[in-house]
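Each chain carries a letter (A, B, C, D, E and F) given by its place in the written order, and its residues are counted from 1.
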Amino acid sequence: MIYSIVVYGAPHSSQAPYSAYHFIKSALAMGHSVYRVFFYHDGALNGSSLAVSPQDDNLLPDAWRKLKELHNMDLVICIGAGIKRGVINQQESQRYERQQHSLDDIFELSGLGQLVDATLKSDRVITFGAR
Amino acid sequence: MSAKRLLFIFSASPFGNSLGSAGLDAVLAASVFDQDVTLIFQMDGIYQLVDGGNSASIGLKDYRKGFKALEMYGVDKVIVDAADLNERGLTGNELAIPVQLLTRKEIAAVIQQADTVLSF
Amino acid sequence: MMTLHIFNQGTHQTELLNKCLESLTPGDTLLFIEDGVIWTTSSPFDRLNKRLKVTGIDIYTLSEDISARGLESLRAETVQMVDYPGFVSLTEKHNHSISWF
Amino acid sequence: MMTLHIFNQGTHQTELLNKCLESLTPGDTLLFIEDGVIWTTSSPFDRLNKRLKVTGIDIYTLSEDISARGLESLRAETVQMVDYPGFVSLTEKHNHSISWF
Amino acid sequence: MSAKRLLFIFSASPFGNSLGSAGLDAVLAASVFDQDVTLIFQMDGIYQLVDGGNSASIGLKDYRKGFKALEMYGVDKVIVDAADLNERGLTGNELAIPVQLLTRKEIAAVIQQADTVLSF
Amino acid sequence: MIYSIVVYGAPHSSQAPYSAYHFIKSALAMGHSVYRVFFYHDGALNGSSLAVSPQDDNLLPDAWRKLKELHNMDLVICIGAGIKRGVINQQESQRYERQQHSLDDIFELSGLGQLVDATLKSDRVITFGAR
């Protein structure tokens, strides 16, 4: 089956992205494909390349990178949610006259159309929610 | 590709968090893609639809006006949980847009019909 | 050492409200802000009132948050309105505060 | 078109649980993950069970989350455990899902 | 400056959010400053103290072990709401550290004595 | 009176920092002083200089800047909470081998000792909480 995953929660503040990752790993191991992971709401914070785990205790940044490399998975940060939360790439940084940027290059910044498109092209959409 | 039945459930109160605003943006995106869109407002999510209010007093933009524009986007299936409305001492007259009041049993049937459900 | 209780969550957090109400000492003050102002309107306030077992509790709601949400006409009459300066005054009059969220 | 309900909040969200339980249709499945697994232990599960008015609902709890929180010995016997592959299987068997949070 | 009575209230369940971990860090900081520190665990916050568990299964670090180290930092006033414990089908034997079981009325009195209250 | 304020919520996701700002403005107008604003938990995200409000509808970044300039207010981002969430200054960026940094220079990154110190030196500590 074709899955898409929606993540609302930030790493370190919410369990949602960790649960999403474990779910995706199992789904792939069971022969399913994942069309897209869409990071919305505070989930956009998963896209920051500046987050640091001093004790290397956060599996997530490496985990998303491996999923991207091994499965060429589409990892989309909602651009609206991202720029409000300071998760921006070089292009947005220039557009909004910021000095720095923060988006990890394994993620793509794109619009909510990518969420709607994911619901159309997937057999299942699973949300990992957070308030 | 034929239109999918997308169901958006609003359960969170406005302004205290940004789920309502995020949900509204998602609904508008779905309507642009010509999907079959239904909205359910339940619990404190019903306050998203209360008419009036001046959020300048708390320094936040009033995104709730966007719900009034939904009809222009062809989104007119807006459901409110009748018991939740009543539990809040509301009658429906306080709401900014026309809604359909359904019982929980009727809402459960609407949920069963959806292809995809997104919660906010 | 009276306590100012600041409650900022809506009715989905009924359990938290119950815990807050049980924690009151006579003379304490209860202030609702942000989504918490929902508790000071209509039927939600009736439910709150039924659960309030301690006497001598002043209950306030933040006018800016009531107004932002368009809830003026629904506000329970026995709840007093304060604006932000009134909120500050309440913190002056109480030695300490607890935030419930 | 049976629904998989995914619930990830603890007992402070009792109102949300009630709304979820009222939304079930016979044949639906209820899966507790993250903080939601608390509902599948001991007395919280008894309270859930009392409120469950719909018959024919399968209830599952995610073993990894039970185990992370040290709640194995408190798990209600009538709740079935699934691990992440079991979670994926549940999503295969249901046409769609609702996440409650 | 004389020590202040700092009260830390834990109400949130572990792992689903990071409030418990944030609260523990704040308690440790306060103990380093030799303040008079008291902890109250209530509602699902009580699960912060449940012994055992293996959070490697969900990919998160088990910060909860830090609560066991509190005594070494001179923090030994740990209160649990007895009714909340009971409502969760717990007896107290499941907890990783010794605690004082108090009624809500007794806890309300503890709250009154605090100079500053921080919630997590 | 001397106040300190603790903020747990992020802008755009929570009302907490907006409420904190309005409270502080009123307290200052009434003749009180604010010793410190301590940003903890998701509140650390208030320190990002990369967050963008496309429609200029977010009063907060300018509001904190004015408070800093007019009242030389101590605005502290908890360093532990900040680095986990990608809110880091140039020094931390170098220490953890990141390419970019994000902390707005009106904020200072510092430890939880600053929270404890604030409770000791203030007559009132008011928390604006968020989950």
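Just so it is clear, contacts are C-beta pairs under 8 Å (C-beta built on N, C-alpha and C of every residue); 3 or more make two chains touch, one makes a residue touch a chain.
The structure presented is a predicted model; accordingly, all values stated were derived computationally and were not measured.
> What are the chains that chain A and chain C both touch?
In this structure, the chains that contact chain C and also chain A are B, D, E, F.
> Which is it for copies chain A and chain F: same residues on both faces, with over half shared, or different residues?
Result for this pair: same.
> When the centre of a chain is set as the mean of its C-alpha atoms, what distance in Å lies between chain D and chain F?
Their C-alpha centroids are separated by 38 Å.
> Chain E to chain F: how many Å between their CA centres?
Going by mean C-alpha positions, chain E sits 25 Å from chain F.
> Using mean CA coordinates as chain centres, what's the gap between chain C and chain D in Å?
Computed from C-alpha means, the inter-chain centre distance equals 33 Å.
> Provide the C-alpha centroid distance between chain B and chain C, rounded to the nearest whole angstrom.
27
> If you look at chain B, which of its residues touch at least two other chains?
Expected reply: 11-12, 15-18, 43, 58, 60, 115-116, 119.
> Would you pick out the residues of chain C that each touch at least 2 other chains?
8, 11-12, 15-16, 34-35, 64, 96-97, 99-101
> Which chain A residues sit where two or more other chains touch them?
12-13, 15, 19, 22, 41, 125, 127, 129, 131
> Which chains are in touch, pair by pair?
After working through each pair, the chains in contact turn out to be A-B, A-D, A-E, A-F, B-C, B-D, B-F, C-D, C-E, C-F, D-E, E-F.
> Which of the residues in chain E end up touching chain F in this complex?
Per the stated touch rule, the residues are 1, 4, 6, 12, 17-19, 22, 25-26, 28-30, 32-33, 35, 115-116, 118-119.
> Spell out the part of chain C that touches chain E in their complex, as residue ranges.
1-3, 15-16, 19, 22-25, 95-101
> Would you pull the chain D residues touching chain E in the complex into a rising list?
Counting only chain D, the residues touching chain E are 8-12, 34-35, 38, 41-44, 46, 63-65, 67-71, 73-74.
> Would you pull the chain D residues touching chain A in the complex into a rising list?
Chain D residues touching chain A: 6, 8, 33-35, 64, 84-85, 87-89, 91-92, 96-97, 99-101.
> Touching residues of chain E toward chain C in the complex: what are they?
Residues 9, 11, 42-43, 104, 107-109, 111-117, 119 of chain E touch chain C in their complex.
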